[in-house]
Amino acid sequence: MWVDLFQNTIEGMANGSAYALMALGFTLMFGVVGKLNLAYGAVLMVGVYAGVYVHLEWQAGWAASAVAVVLGAVVAGIYVERTCFAPMRHGAAITSMVASFAIWMQLEEAATLALPRHSYPFPSLVEGTVIHLGPLLLRRDHLVMLAVALVVMAALEWLVRGSRFGLGLRAIAENPRAAGFVGRNVERTLFFAFVLASAVGGVAGWLVASADQHVSAMFGMWATFKGLIAAMLGGLGSLRGAVAGGLLLGVVEAHALWLAGPQIRDLCAYLLLFLLLILRPGGLSGQARIQRDAAAYGRL
Amino acid sequence: MRLALEGARLRCGGHVVLDSIDLEIGDGEVLGLVGPNGSGKSSLINALSGIYPLSAGRLLIDGVDATSWPPHRIAAHGVARTVQNTRVFERLTVLDNVRAVRGCGRAGAEALLEDVGLGDLGHAMAATLGFAQRRRLDLARALAQEPRALLLDEPSAALTAAETDAMIDLLARVALPGRTVIVIEHKIHLIAALCPRMAVLDMGRKVAEGPVAALCEDESVRAIYFGGRDPEHA
Amino acid sequence: MDAFMVGVVANIGMMALLALSAYLLLLVGEVSFGQQAFFGIGAYAAGIATALWGWPLAPAILFAALAGAVGQFGVALPTLRLRGFHFSVATLAFAEAVRILLELFHYRRPVDGHLMGPDGEHGFRDVRYIFDNGIGALDYMLGIWLLLALVLAAFAFLERSRIGPRLRMIGEDDVLAALNGIDVIRYRLVASAGAGALAACAGGLYIHSVTYVEPGVFSVMLGVHTLAYGLIGGLGTAFGPLLGVLIDIGFLETLHGLSQYRMIVFGGLVALLLILRPRGLLDEPLANRLGRWLGRVR
């Protein structure tokens, strides 16, 4: 039984690392615009489909596909930023959120029109060979996934904490108007934040696609839900929360899947999110709610 | 309606906003509340209207302990207030802004709008109102609750001298008679025109209380307001 | 009117009821991505009542409405603290959980020798009350629209009374509303129950119209459409969501050849409208003007 527990936990962390990356993207975007971007999963889908396309048309290997995925995601991310967030910068958060949902529908339909089959093959990064570590079976591609995710997370952490761009991001997250007054170009920083978040998401999508070695038409829906759940578990306020949320989701899902099958696995994910929202709206990091309350009373 | 704060203490995020305030306002009394920015005037009103729960001390309404009452219950009990950053419901008509308030019917709302000088604008969207008009709508909205106590948070802030005089006249005519009122203001002449008594706050503490004329001459009060310099020669 | 048009008009009626359930919540400032869950609960409840328990249609629809009201009220209680997108995501999570639960729900009973009832992923077939009782498609459509007319009249009554403006006050600024003596929590709970009832009614009518549903119907896409109808048609009046439904289904029918691009067009339309006119076509100022104009004409 302990072997199963460890096995599932490790499997869960591998998936969880992809979720963590997607959650990071959600959280990054939320941190700078203060609004939820529900088209994020669709952006990832466009990226992943771009990778499928280059693989299909030009027999691209994993490297070229990876580049295509990230580029595709960035382009789609820019489209979303231009339509849902830039023009409504001073509007209500809900407006942008619903607009992003509408763009999600748009992007998803466009992607499935371009590549109408239900499932497409995707080049894998490494052979899915298995390493034996005592009684545990570790898949090589899962380990690579974990490693790549950790590298990206560390790079992001450095970027946000240690660079001028990151400083600008954090200033804007704290107080957009004041940041504008002291000369930070808010619009440009927002734009680059979206580019960055889309790129990070693209990496996540590529990792998942190459681990699964195929991409299905449900990818956009899947990515949106998983990324959203992971991000909200983390509380949407902190990057570390996003990583924690992603890993938590991955591990919970792995155990649920093992115990009761794929439907219960998904059910558990949604129930986990619902319960967390009710009991601790600020998520694991406890942040978002405090800001919201302050805003409401600040009006008085 | 009698209002009282006993030993009221309010903390906001680690900062002590109100520090052991004792305040008693008798039935039908009009009290001015003055003090520098950040002294806790608005917070005191917020505490009296139930927005901020007290960290310590009591709030008494007609002798009843109302310390833990939610805002709508205090409002339902007869305490109405205006808001410093005047807010109206932009997506409703002027009439609906007043009519939907607890206790007010259509006829009563129309009469109130007449009283505050917005009688012709009943069917306009509140979003179209100018600033001074919004102030008057805010007042009408508060009056629509048929309150026995009225808390006015800087009713003349950002109004011109002429608009301020109109507001003083309006308050004296419509708002004050027969009610217990607290008026927060920076303009001393408005306080002097409307309130026989005033309380002075500084850094969350009540530092003085008494007749307006006497306090205006008081050295310590002038020091708080004018930084110790004579305003004539400032 | 040919059979096809009757079906379309009936569909518009049912979707309008569903759109009104999201609209009611939008009035109090709640963006619900989950009304499709109560649509599904209503469908299953009404279907079970007629197909398995042998009830007549009207009590079955009432039963569905009750189930929806209780259900949405039950979800509203724990989510009272949540505002803004936290609330919205909670509704999304709840709705997806309900959809999965319906995929796992089996309740089969023998009726006249056949085994009937919800069968998990395979859905719920043979809800044939309408056809077994000789109710024509036209009559059914008229019945739907009669109910819709009653609901619209109820909304109009609310707007004229104090309740409509109070709901809108809560939606615009709930702290200010509380300061004005409005019991925000009570209104939100009642609005939730009402929204649940409306969505469930729509679902109950729907399952009898199509005789077969599967849980996949109650997807996030349906929920987003439901929401979009009010946002596009306008939040100033209950006719707004109806207008939104007419636009969408009108689109679908006239651009029949381009139906595969419907999402792209509809999605783009929603986003565009939200930029230009966040409260929809029939927004509050326009509804006010139209109301006054109609008042003068009368």
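By written order: A, B and C. Residues from 1 in each chain.
We take it that contacts are C-beta pairs under 8 Å (C-beta built on N, C-alpha and C of every residue); 3 or more make two chains touch, one makes a residue touch a chain.
Treat the numbers as computed from the prediction; the structure is a model and nothing was measured.
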Item to check | Chain at maximum distance from chain C, centres defined as averaged CA atoms | outcome: B
Checklist entry - Which chain wins if you rank chains by how close their C-alpha centre is to the centre of all protein C-alpha atoms? => result C
Item to check | Pair of chains joined by more contacts [C-beta pairs], A-C or B-C | outcome: A-C
Item to check | chain A and chain B: spacing of chain centres that average the CA atoms, whole Å | outcome: 48
Item to check | Separation of chain B from chain C, taking each centre as the mean of its C-alpha atoms, in whole Å | outcome: 43
Next on the checklist: Taking the mean of the C-alpha atoms as each chain's centre, how many Å separate chain A from chain C?
Outcome noted: 31
Checklist outcome for this item: Residues of chain A that touch two or more other chains sit at 297, 299-300
Checklist entry - In chain C, what residues contact two or more other chains? => result 173, 175
Item to check | Residues of chain B engaged with two or more neighbouring chains | outcome: 51, 83, 87
Checklist entry - Which bits of chain C are touching chain A when the two form their complex? => result 31, 33, 78-79, 81-86, 88-90, 92-94, 96-97, 100-101, 103-104, 173, 175, 220-221, 224, 227-228, 231, 260-264, 266-271, 274-275, 278
Checklist entry - Touching chain C in the complex: which residues of chain A? => result 35-36, 83-84, 87-88, 91-99, 101-106, 108-110, 113, 221, 225, 228-229, 232, 263, 266-267, 270-271, 273-274, 277-278, 281, 288-289, 292, 296-297, 299-300
Checklist outcome for this item: Per the touch rule above, chain C residues touching chain B in the complex are 162, 165-166, 168-169, 171-173, 175-184, 279, 284-285, 288, 292
Checklist outcome for this item: The residues of chain B that touch chain C in their complex are 49, 51, 70-72, 75-76, 80-81, 83, 87, 89-93, 96-97, 99-103, 123, 125, 127, 141, 145
